[in-house]
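Structure first, then comments.
Going by the order they are written in, the chains are A, B, C and D; count residues from 1 in each one.
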């Protein structure tokens, strides 16, 4: 069932250790089949070394396991909330990568300080608000997803495909699971650079000029994009 | 004698270079057989590259060598003190890993700033007090253990399985030698993130909300834990 | 056509991942054949793993593709501007390497703090001015090159073969593509050290003494250089 | 000639890339045969990948090449000055390793902040004074050695086998070339930790207690040392 997507989701999960985004099993990637309304996600707490495509878990949009011998990632309800509200996305990634998590723990957004950031993200990566006791003690992982959605009330998840969850860590997304991982890698790199800039400039560093942000984002993603090869 | 535990203690020691927690021979892992009251520990100053399970040293709880051709780690008396006072633990690790040691040298506890920390440690990782001249000039390694015990007077070593010894470095423990190493890896990661947070926020960063600390610690370790696979 | 130079430019591009100067495809190296007035450069957005010498693109000094199945790097007009104005150079490199980019994003020059810097660069690595809206919205990549040239009005590109472009990242150059990569590696190392020095000394660190800068630069590059082997 | 020492000096040089202490050829190790008064040192500017034991250069204590097809390291006069004045040492190392060089460039000594430092160095690692124009423009590399000797006027090079040369980088030494490399590795690790401590504590971090410094240094190096195996 959905063998091709399973393979892709598995491969995308294997990129997390490859790009040094995780320690142990702290991370998960999912992908969605929009036609069937089914999501494939990494099993909870299974070691990457031994994980195979057939270990991936298939769940429906309510989180019910449809196929798979393992329990899905405990963060599954957060992924589902994103799929339900960000209609254009095909893959979601969660990690505790060190630099992005540093911003999450400090409760700070990641400011757009240069073209590396602008090539992928069309503005600051927001940080969610702290959650209420009710949210934390209720359906916590689902509420985490809802707080992300709330954060994007006035933001476009297509042009800012990443968030840092307060006190927790980053979530990224994209058209495919692979793209979502690519965004997780770039986020980590931009977070590291931003941290270094904030420190060297005594917090007086300023965001990139709006014109330059536009130019870089649009030369890769705009209607007249001219970066890369035309397929 | 105790071949299986020797193998486990040796394997746990080999994880120290694998997870980049040590330089040269600066670290040691031990394990205990509670029935026989015997501890197996790494030999002192032997290179990891050539170390084999049969090089492990067996000592009783007073530190007398019961089997083994080498001298045990010079930190053995510290390990023994922990085994004698923390009745539930099965393994102990000592390293000079860079981030945790940075806190030890600064005489600072490692504050719980996020869920990465909360998934493993149910509060701040304490730093021991400085030792007196008498303690340093007396049975120093044993006194080091006693100062750790003193630090945990009002703390639970089961829920906070780690400490940084003032001016020295981290000790971690767990149900097994492998678990103790896992805690050493997580401690190092959390220390690195905490340091980055303290710097970016000019020391105004605040600990994670109590509710979120609870939620994350208990979803992995509480009675109704739901993280990972049920065995 | 220009097979030998293609091979060299390809090899120099492959050094970028080897020396950990890039993430994904974020970087490019070019080389010039001064007699024919042709430049060879990396194709845009092609993965390094699969890139072969025959994938390199040949362009003339106006940027017209003379040979090659791919589009050239989108930064090609910047490279061309450098070749046209810095008559002595044979290779150009652009990366987003983390430390040099940190200075670019902070809008800071990289001060010459020690002999590591002085062995290669005869003074501070300048940072370009911010660009105007007209420049950004016009022929942006070409204007980037012109701003670099403007920055070197009173500097010698032979003795300071590097620049950080404001809000963007480093460009380096050299007699050959290989030399340009060497300068990119050294720049990154010096930027990292300088950042660490600026932080530990509360921004009061002072540049290296002029005499020592002279001595180190000239013992490697002066008329009576005595470093290395005489060929 | 001196084949065994050549092999050892070569091997010690190969440790520099292994322990990530150098970029390109920026570093050198030498060893001395005290009976014959001959020093073996790395050739200048030769790549590590292709270096073999027979490429090592033999010089006498005045720096005259006695054997070898290459020019010796340009830092040879500094090494010779150390051998002539520190009678007990058998090997010398020079690198531009990043953390130690950070202190050198800031003109700061590396304070003894913990037991990692105390296990190897019996006090702060000093930083030399800035050199005069006469020294820099005269026999510069020899004068560098003399400034190191001057710095150790009231220090014991046996118990503090390292120095950072102002605006330049570290030199370490030891009984053998291998020991000198070991000290270079430890110095780098201690410098990194010290830098992290200075930053997290707003420069208020205090050196380790004298009693603890004594205990750790002496349990490894004192008359009644009990660390490691007795041979």
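Everything below uses one rule, namely that a residue touches a chain if its C-beta (ideal position, glycine included) is under 8 Å from a C-beta of that chain, and two chains touch if they have at least 3 such contacts.
Keep in mind the model is a prediction, meaning the values are calculated, not measured.
**Q** Tell me whether chain A and chain B, two copies of the same sequence, contact each other through the same residue numbers or different ones, using over half shared as the line for same.
**A** Shared-number fraction below one half, so different.
**Q** From the mean C-alpha coordinate of chain A to that of chain B, what's the distance rounded to whole Å?
**A** 33
**Q** Distance from the CA centroid of chain A to that of chain D, rounded to the nearest Å?
**A** Chain A and chain D have C-alpha centres separated by 46 Å.
**Q** Specify, in ascending order, the residues of chain A that touch 2 or more different other chains.
**A** In chain A, the residues touching two or more other chains are 199.
**Q** What topology does the chain touch graph have (line, ring, star, complete, other)?
**A** ring
**Q** Which pairs of chains touch one another in this structure?
**A** So the chains that touch one another pair up as A-B, A-C, B-D, C-D.
**Q** Show which residues of chain A lie in contact with chain C when the two form their complex.
**A** 113-116, 119, 182, 185-186, 189, 192-194, 196-197, 199-202, 205, 208-209, 211-212, 214-215, 219, 226-230
**Q** Going by the contact rule at the top, pick out the chain B residues touching chain D in the complex.
**A** 23-24, 26, 43-46, 70-71, 74, 96, 98-99, 101-108, 130-131, 133, 136-137, 140, 167-169, 195, 198-199, 203
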